[in-house]
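Here come two complexes built around chain A, the first alongside chain B, the second alongside chain C.
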Partner chain A sequence: MSLRKLICPYDPSLIGDFCNREIAVQVDSPSLVCEAAGAVVNSANSLLCVILDSVDPVCAVSFEDQWKGIPILLMAPSVGEFRNVASVLPSLKKLNLRVCLPASNDNIRDVRILSSVGVHCSIMFEGGNVDWDALSDLMTYALLARVFHATIDPFDYISRHYNSLTHLNWGGAFLDDPEKYFHLDKEKNVALSSSEALAKQFIGRIDDVEKTESPEVQRRCDAWSLNFLENRVCATCDGFKLCMGRFLPKNGKADGCSAFFSEMIEIFGDLKAVKEKSSKEEVWRL
Partner chain B sequence: MANILLTSKCTRSCPYCFAEREMTDSPDEVMSWENLVYLADFLAASGEKSVSLLGGEPTLHPHFVDYVLYLVERNFNVNVFTNGIMSPSRLTELKDYLGALSADRLRFVCNLNNPRQTEEPESQTKKIHEFLSAMGSWTQPGFNIYRVDFDLEFIFEFVQRYGMKRRLRLGLAHPVPGTSSMHIKPQEMGEVIERLFSYRPLLERFQLDFGPDCGFPICKFTDEQLGWLYRSGGGDLRFECNSAIDITPDMSVYACFPLSKLYRKSIFEFDNIGQIAEFYSGIHKKIRKEVPGIYPECDGCIQMSKGICSGGGSCQLVNRFTDEDIVRLSGN
Partner chain C sequence: MAIVIFKATEACNARCAYCDVVHDKNAITGKMPYELLELFFVRINDYLLERPENTMEITWHGGEPLLLGPAYFAKALEFQQKHCAKTQDKIIHHVQSNLTLFNSSFTPIFKKLGLKSFGTSYDPFTDLRGLGESLDANLYRRKFIASARLAEREGFTWGMIYVVTKLSLDRALDIFRFLVNLNPWGAVMFNTIHLRDDTLSHLAITPEEFADFLGAIFPMWWKNRWRLPSVEPFRMLVDSLVMGQRSLICCDSGDCHKTHFGLAPDGKFFQCGRSMEWDLLDFGSIFDRGFTDVLEDSRKVKLRERTELLAQTDCKGCELWDDCHGGCPLEGWRTSGSFMSRTRMCQSKKDFIKKYFEPTVNGVASPKKTAIDCPASIPCAPA
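After this line comes the complex of A and B, so read on.
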């Protein structure tokens, strides 16, 4: 079993208990970013990133010059007015930082704005009230825009890992992939996603979970296959290869999600064709 | 240069407004963030370095300050065509958020009406003074000539008092084909130019140079006047019908307000500004095939054939057609 990367709350003693692990450390205050990064770097582990959970919008976060070089994932509820963002942009753009926002309509719009001015972003969408049309516009922008803009995850992540021959669990773009990440609390209890960690839905302590591959982990990793075993509507959807049934609508009908993921697959097909065409040798070479 | 129209609302009703019909007929819509980002990309991909924000009155847009800051962040130089009439809170926003921008990156062109000739409520005049008092050094005076006895004197006082940029944007009020908006007729051009040059001593004393906007025919200037214009304008002297591309909140495009009802397109039909300019250049050529210029002598004029003068604005030419002809030109 491969060693998972760990997402832990900031607790020096917890971090100190691990060795040779890649750790993403969570803090809820900007003042703790450097300290938390230092705690991981100075332990026997390596730093994946610092996750700064902010209750304030991006424009209200006080970005510090000392954060330079520290990989930071800023989880914020919203961006704030551009007039206020503009004043923090010079500091923000110097950092190794990605802004992660939930997929409300305002945030979908603001992610495009931030990306267009050079700030790397992620938009987190789950089932429920996703505006698939707005998200589809953002995806098209992320993948096909003609002018430079910063990356937008999960679209950038998917484009880098997409393989037309197999399915892709792109939850990794948000550190939500049980094959790669474990989310811990201070007592070393393991959750398989950030939302489950938040809801305290743990599958056991890390020592136990890692002793042998936990059946729960395996069940989660193979959850996509239930779509076929239970003959769900997603199993016959054109977008399944990317969606893997994670947006199964409650009414059993695939609405916007199907068109969204099918379009994305189509775009990747087009991009691949363009790439192959452009990489063909036009003149013979030795 | 592209003009982005942020809103169709305006706080003024100038007697010569050549945008009035377009603004009245437009849906009550404002430029959205999504469209603005699209346009910034579109213009950047077209190699544009500057962008103008117009309306209606662009400062009425609820996100006006944000949009200016955004476009500056996208490395555009931003020109704002305003009447200077805005609420105290909007003016405070301008001071607070745009006051740090360099005057090279942001420029206002404030369209001024002479209060003695164009009736305006005193409250509006007061607001213009407040705007210039706050943003004068970012602002270039603009004046539209819609009557032959126009009076420019008040502008010198404004420039002096508020430290405005010393270049006057002088426009001709253009006819809107099919309407009766006040404008300068071809036969009045000579008189207008004479009156304009009667201000030469004042222009020199206040070191205020001016560039004639589109529609002035070169043949109505004397060689001496042309020489003076050339010198004072730093050699930038054109007598073309420069059809700037206007982009509306609903992403329609057309080439200048007076012609907004003819050959209106969607920006999504084009890949870049060059294509749009080429399309409308073709339309203008088509118009000029019907009527070469505003005077009979434009036909065969050497200045026209050299491309130095366009023989007045296309809007003047279209205005000479009958209503039936306009329908024919619109391609409907």
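After this line comes the complex of A and C, so read on.
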């Protein structure tokens, strides 16, 4: 069994109980970012990132110069007033930071703006009322726009990991992939996603879960195959390799997500063709 | 290259509606005795020593070969090592299985046999494939998908054959999408249903219907071939008609008499797997003959003459001759009662190429030397 990366709440004694693990440490206050990063770095583990869960919008977060060099994932509900963001932009851009927002329509718009001014972003969409058209515009911008912009996940993650001959579970862009990540609470209980950790839906303590490959982990990793067993509409969707059935709406109609993921696959085809063409047509140079 | 369709048992845990083996009252449901299994490897060694330029591909077939259990495969490896010390690097194993019995206990021996992938079959939408006497299709699907996932985790890939029947015709694209979504890295082969007699005539399809089934899928595969697995017969036709690189399956090669053998659990040699199932072209026992001797059998010679004859008669002037050679001799027999006639399925190939292949390919790229960018094929064992 491969050793999972861990997502833990900041607790020095918890971190100290592990060794040789890659750890993402969660804090809920900007003032704890440096301390949490230091706790991991000074343990026998390595730092994946610090996850700063902010209840405030990005514009209200006090970015500190000491954060420089620390990989930070800022989870915020929104961007807030842009005029306020603008004032902190110069220092924000010096940080090793990614801003992650839920996929409301305002956030889809704001992520594009943040990206255009050089801030790396993530937009989280996990079913529910996703505006697939708006998301599709953002995806097209993220993958095809030739003007300068910072990366936008999960689109950047997907484009880096896409392989036409495999399914792609891109939950890893949000640290949600049971094959790679375990989410822990302070008692070392394991959840298989951030939302399950939040809802305290644990599958057991990490020592037990890792002793032998847990059937629950296996079941979760293979959950996509239920689409085929139950002949769900997703099983015959052109976009399946990228969505793996995770957006099947309750009414069973998958028009929005199907068009979205099919379009993304088409874009990868176009990008592949462009890349091949440009490599063939490259002129000689000194 | 020689290929032996090796049926060490004809027993099966499934009862697929169109399978000739499981509905054959004379099927041999026991295992081939070890004495015979050992002789099989002695004969293989003799053949490879006599023809050092050749390889021998053993396609474990059935029935369901996994019913033999890991110990049986281990015994086969033992005999191979004992009798083929100088030739075993020329022996290649394939397994054609419904996979529903696969478990981790098979992994070590399959790896030792050099097996990397399985050929298998699946049908997502009909109840034609099922387990046990009750033909339980849901149980089949559950076990298949779980076992296929396990096989992947254990480091194997798999390609699949989909048998096109009357029930498939109105869902061609759904079937195609389902199969490539389920197994994006494996090859898919669409075969028309082959019926020995008329008992399942409600499942039979005409050559035109098979062409239309393929034609419903081909434009999509062609447009997206960069991201789709190898699909037969498309890939083969593209290689041949667009790339000018011909590599034909047994049915179309016109030289299956040189390459193919079938071996039944009681040691009887046949022309191939299908001839065994249809009880045609029985070449006698492995106790009495070796592979080279069988190759010189007068009926093998007759099959060679068939190719020469068809080129001058039924198929004379056919522009697809080089890609078809009159098709499977057994299908020819089914069509006319004689091995010396062409298969009626050649019409489906002609229809498909004229109605769908050429218009699609010519609309997108000029034929010949087009850069075809498809993933490499994962071999499906021949049926």
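The criterion applied here is as follows: the second predicted complex is superposed on the first by the 279 of 286 C-alpha atoms of A that agree within 3 Å, B and C clash if a C-alpha of one lies under 4 Å from a C-alpha of the other, contacts with A are read in each partner's own complex, and residues count from 1 in each chain.
Simple rule for what comes next: contacts are C-beta pairs under 8 Å (C-beta built on N, C-alpha and C of every residue); 3 or more make two chains touch, one makes a residue touch a chain.
For clarity, every value in this text was computed on a predicted model and none was experimentally measured.
Per the definitions stated earlier, placing chain B and chain C onto a shared chain A by superposition produces no clash, and the two fit side by side.
When the two structures are aligned on the shared chain, A:235 is found in touch with chain C, with no touch to chain B.
Here chain B and chain C are compared by how many residues of chain A each touches, and C touches more. Touch criterion met: A:166 reaches chain C, while chain B stays clear of it.
Contacts of A:272 after superposition: chain C is touched, whereas chain B is not reached. Judged by the touch definition given at the top, the superposed model places A:145 against chain B, while chain C stays out of reach.
Shared-chain residue A:225: touches chain C; no touch with chain B.
In the superposition on chain A, A:27 makes contact with neither chain B nor chain C.
Least inter-chain distance for chain B and chain C in the combined superposition, rounded to the nearest angstrom, is 26, based on C-alpha atoms. Taken together, the two structures place no residue of chain A in contact with chain B in one case and with chain C in the other.
Residues 164-167, 222, 225, 228-229, 231, 235-238, 240-241, 265, 268-269, 272 of chain A are the ones touching chain C in the complex.
On chain C, the positions that touch chain A within their shared complex are 124-125, 141-142, 145-146, 149, 173-174, 177-178, 181-182, 184-185, 224, 226-229, 375. By the touch rule above, chain B contacts chain A in their complex via residues 33-34, 37, 40-41, 44-45, 63, 65-67, 69-70, 73-74, 93, 97.
Listing the residues of chain A that touch chain B in their complex gives 81-83, 86, 89, 109, 112-113, 116-117, 137, 145-147, 149.
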